[in-house]
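One chain, chain A, links the two complexes that follow: it is found with chain B in the first and with chain C in the second.
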Partner chain A sequence: MITPFQIACRNLLRKKVRTFLTLIGIMLSTWVMVSLFGFNKGYEKALNRDIENMGYQLMVMAKGCPYEAATMMLQGGKGLRYMEQSMVNDIVKEPEVEKVTPILMQAYFDPNKGESGGIAGYFGVDPASYPAMKPFFRFRSGGWFHDEAAQEVVMGYEAAELEQREVGDMTMVPEKNVQLKVVGILERTGTQDDGTIFVPLKSLQRIAGTAKITTVGIKVKKDADMSKLETKLYQLKDVQVVSFSQVKQTILKLIATARVMVLSIAIVAILIAMVGVVNTVLMSVLERVQEIGILKTMGAMPGDIFRLVWTETLILCSVGGIAGIGFALLFAQVTDILVRRILPYAPGGGLVAIDLPLALLTLVTIVGVGLLSGLYPAWKAGRVRPLESIRREG
Partner chain B sequence: MIKSVIFFLLLPVICLSGASAAVAAVACDLNDADRDVPRLFRESTSYKTFYVSIGERGGPPLLKRIENRLGSSYLPLYAPIDVPYTLYEIYRNGEKVGYIHGVNQKGQFGGVQIFMSQDLAGRIKSFYIQKITGKSAGKFRDVKFAKKFVGMSLKDFDGYDPVTGKGAGRVAEITNPAPEMETDFYAVLRGLKKNLILMDEFVFAPERGKQ
Partner chain C sequence: MTESGMVLAARELTKVYTRGSEAIRAVDGVSLTIRRGEFVAFMGPSGSGKTTLVNILGCLDNPTGGELDLAGRSIFGGGKSLGERDLTRVRRELFGYIFQNFYLIHTLTVRENVALPLAFYRKPGAEEEVERLLKLLGMEHRMDHLPGQISGGEMQRVAIARALVNRPEILLADEPTGNLDTRRSEEIGEILQELNRNAGLTIIMVSHNPDLARLGGRRIEMRDGQAYES
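And then the complex of A and B:
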């Protein structure tokens, strides 16, 4: 005996092109929707990972430093603002502070990089305190510096690959022409550390001709009041405090605008797809009025006709939804690349995270909205009057 | 607060500025192909970018053949078998007129990125060192030095070994523009030979096979 599901499938296959186009519409809207939800989830996760991998939650730097950072890139470190290294002693006294590490950032112009030159950036780090801030660092080869003023570098994975360096090789600081020996190459972390060249703080201070630093990284004690600490740090002379939790919130707020726009597009896409569903199923009902009339004369109740038409909607939405989720999973990396091009700041790692609960949630939403769209055609089919329809068709 | 965000946004840029082409970890890309292609291939009107890997072009047998042709452990590929090489096909009014291809070679203080453009017969039309590190590195990027390679082909390396620096012919006649950077001078020649061999295996040998 033929089931209502089989009848619904056959009805849909009668107009293959129309059914196919409707499926494409549902598939595309599902694709957009699941990718968007995946991005919402993945971006925050990636941002959290990036911030956690910084190793510290607060940074103290000389006032104006954000702008000087841009200057540093454009002019190779000229005009940087520095602060006294003794600042570290003032900060470490605070009861909320677990660890601190002084950092000196320097950038030098290399005229022989690219067509018109490029910048080589260096991170001067304290061998005694910095490694403890990054316990997740793993070395592909070698290790940390041999002493606090060694003429050595530790290179991030990407930096070492680009420079074709191995442990034991030499590097040269542009402008200064100072040679440094590679003593360690890190494993890939998926963060900005991959492109970083670390130098012992004292060595970089000597190369730069300064005894000062640009930044202090602060790891806060668990359960400490971070805002209280921030307030206290602001009392220090000529410094500004960067809190990564605030940075995170602000970045998320900036991204929120883009999210709302994409969400609006997704909603419009779903609405268009659902109008397509209504059109397809309604057309199918209107073309089969006589058939429905005959079914009713044979004893089919309005509820039976309603369920039959609704099943068609269910099939359309389920198949389209599953295909859309499949495509979203298949092209997640492409979506990732496109999103990275659009966003002002994209953290490392995957930005689009689609998992099973998210896929199921999207499918349920698409099928739910689809079934709502199918209510009217199904209701209209259920209300067909048998004799009237047979007479009209005849 | 916005200052903090600016800083945070700039931080990775600052860090990665030491490795500006970090994305192209092993394969060698032009930093700005739209700008660099017309400069390296003056008569070009358009170009297409292709990615070819030893893995897809012939797998381990091809890798072995390339390594045999390179002839020495001093000419390592620095690339796993599946890493794609970027190949620019150059067109003039829709007609293919040549290629641009670059390789990485280890220099004394950093990676050296060596690009060349070739006509359809495999002769070098222009030579460009995109990146090189050292006190006198600029001398290797000088136009006069680059011009010495114009017209050369793989055959010119038949009588010269860039590993030992011994041999005769056009390559042997090229003088080191920066004697204090001897390691890098030979790195450039080795990189060029590697580039020519890779292009021969990826492009010219298959074309000869079709004829």
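And then the complex of A and C:
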């Protein structure tokens, strides 16, 4: 027996091109929508992952020291402020602290870097505590230093790439003319570590002629009160505290602006799809007035006709919506690249995360919006009088 | 069912159309009764009000005045009428309709067209009626064809099967052969006569074909909205 669902399908197949174009419209708006929401989720996840990859959630730096190593490098290391290494012992005493690691940042001008020379960033790290902060570091070749004052370096992926170094090569610290041996090269992490050259803390201190450090990385205990710790750290003399959760908030605020833009695009896309649905369904109702009248002489109630037309809308929206989600999944990479272009800061890894609940939510939204737009045409169809089929004869 | 076997009673039905300032009395005070199992043919010149009248009798249109009872139930009368939903109930309970233009759905096969009313309403056992009727009307070899692949006479047979699938009491046929040649008209006429005789189907038919109208046991002539029994 033929069901109302089959009747609705046949109706849609009657005007294949029109149905197809409507489907495309719904598909595109679903695609935009699911990618947008997927991006919201994915971006924060990626950002968290990036911050997780820092290995520590707080940094203590000497006051006046710029936030970012990049800024420090632009100033050629001249703006660096130092603090006593004994600071580490004070910090580790705090109950919220799980681990600490002292770091000495140095920047040297390398005349052989690039066309007109460039700044090389050196990180003096403590072989005893630093690797434990970064357990996720993977070596492309080699490994960590052999002892705490070894004349050795570990190079980030890009730093090694730039200098064309292999494990076993010698490298020269510019300005200081000290030779160090490459013992390890890291895999790409997608973070600043890729461009960094790591040296044992003691060796870099000797090269730089100082016993001080620039930074302490702090890993906070799970569930510890971070803001309480921050307040206490601020009481240390001449230091400032950088919290990555603050940095994250700042970045997320920047992202919110970009998000509003994309959201408005999504809303416009949905409106266009909605107009498409209304147009398609209304046209097909008007074309079929006579036929609908005949269905009424057969005993179809206004509600039956309403449901029939509404079913058509439902089919259009679900098929278009599912196709859109499928495309979004298929082309998540493309979206990723597009999104990266308009973002102020893009963390590494996939930015668009589409999971089942999100896909379902989008589908429900699209179908909901579609059914809303189908209301009017369906209502109109339900009101067709049976007589109209006969009156239109001549 | 009333004792007298009366299925339809109309009293002083009128239908007035106003076109600008002019009032057209398309149906002008028609009273008649139809018994169960009758075959009534309405004749008369074009514009005499046949279609308007049978549409009112078949609950497809509202009269301007007068009363109509169907199967002992008041449909129109005393200035009020049943609502659209109740009218639909009466229609699907009592009537099957066929028209000059068949109105088959072109994307559905013959079988699906006949089964179409069942998507909305089905009397018990109506499913079996689809094939039985198509066989009865000699269409069993065309069941999976589309309407575009069969002749006009065959289309009207399909329309008849569709009208009868829910076993109505009354078949309402407005110019059922208006689009058919003489031979096909005769065939359809024979089918209607057989349905009336063998199945006891009440038929209300409009036709200006005298040969077809002669099939009806009862003929009513329409002139200027008024009905004359002959």
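Here are some notes:
Following the convention adopted for this analysis, the second predicted complex is superposed on the first by the 340 of 394 C-alpha atoms of A that agree within 3 Å, B and C clash if a C-alpha of one lies under 4 Å from a C-alpha of the other, contacts with A are read in each partner's own complex, and residues count from 1 in each chain.
In the analysis below, contacts are C-beta pairs under 8 Å (C-beta built on N, C-alpha and C of every residue); 3 or more make two chains touch, one makes a residue touch a chain.
The shown structure was predicted, so the numbers you read here are calculated from the model rather than taken from an experiment.
By the document's definition of touching, neither partner reaches A:T210: not chain B, not chain C.
Of the two partner chains, chain C is the only one that A:P302 touches; chain B does not reach it. With both structures placed on the common chain, the touch criterion links A:T365 to neither chain B nor chain C. Residue contacts after overlaying the shared chain place A:K113 against chain B, while chain C stays out of touching range.
Of the two partner chains placed by the overlay, only chain B lies in contact with A:Q164; chain C stays clear of it.
Of the two partner chains, chain C is the only one touched by A:N11; chain B is not. Legend: residue contacts after superposition of the two complexes on their common chain; A:V247 is shown touching chain B, with no touch to chain C.
In the superposed model, more residues of chain A are touched by B than by the other of chain B and chain C. Residue overlap on chain A between the chain B contacts of one complex and the chain C contacts of the other is empty. Interface of chain A with chain C (complex): residues 1-4, 6-7, 10-11, 13-14, 290-291, 294-302, 304, 386-387, 389-390, 393.
Here chain A touches chain B in the complex through residues 59, 61, 65-67, 69-70, 72-73, 105, 107, 110-115, 118-123, 156, 158-159, 161-165, 169-172, 174, 177, 179, 191-197, 240, 242-244, 246-247, 250-251, 254, 344-345, going by the rule given at the top. Within the complex formed with chain A, the residues of chain C that make contact are 51, 55, 60-61, 84-85, 88, 91-92, 95, 97, 99-101, 103, 105, 107-108, 112, 115-121, 127, 162, 166, 174. Against chain A, in their complex, chain B makes its touches with residues 1-22, 25-26, 31-32, 35-36, 39, 78, 104-112, 129-135, 137-138, 140-141.
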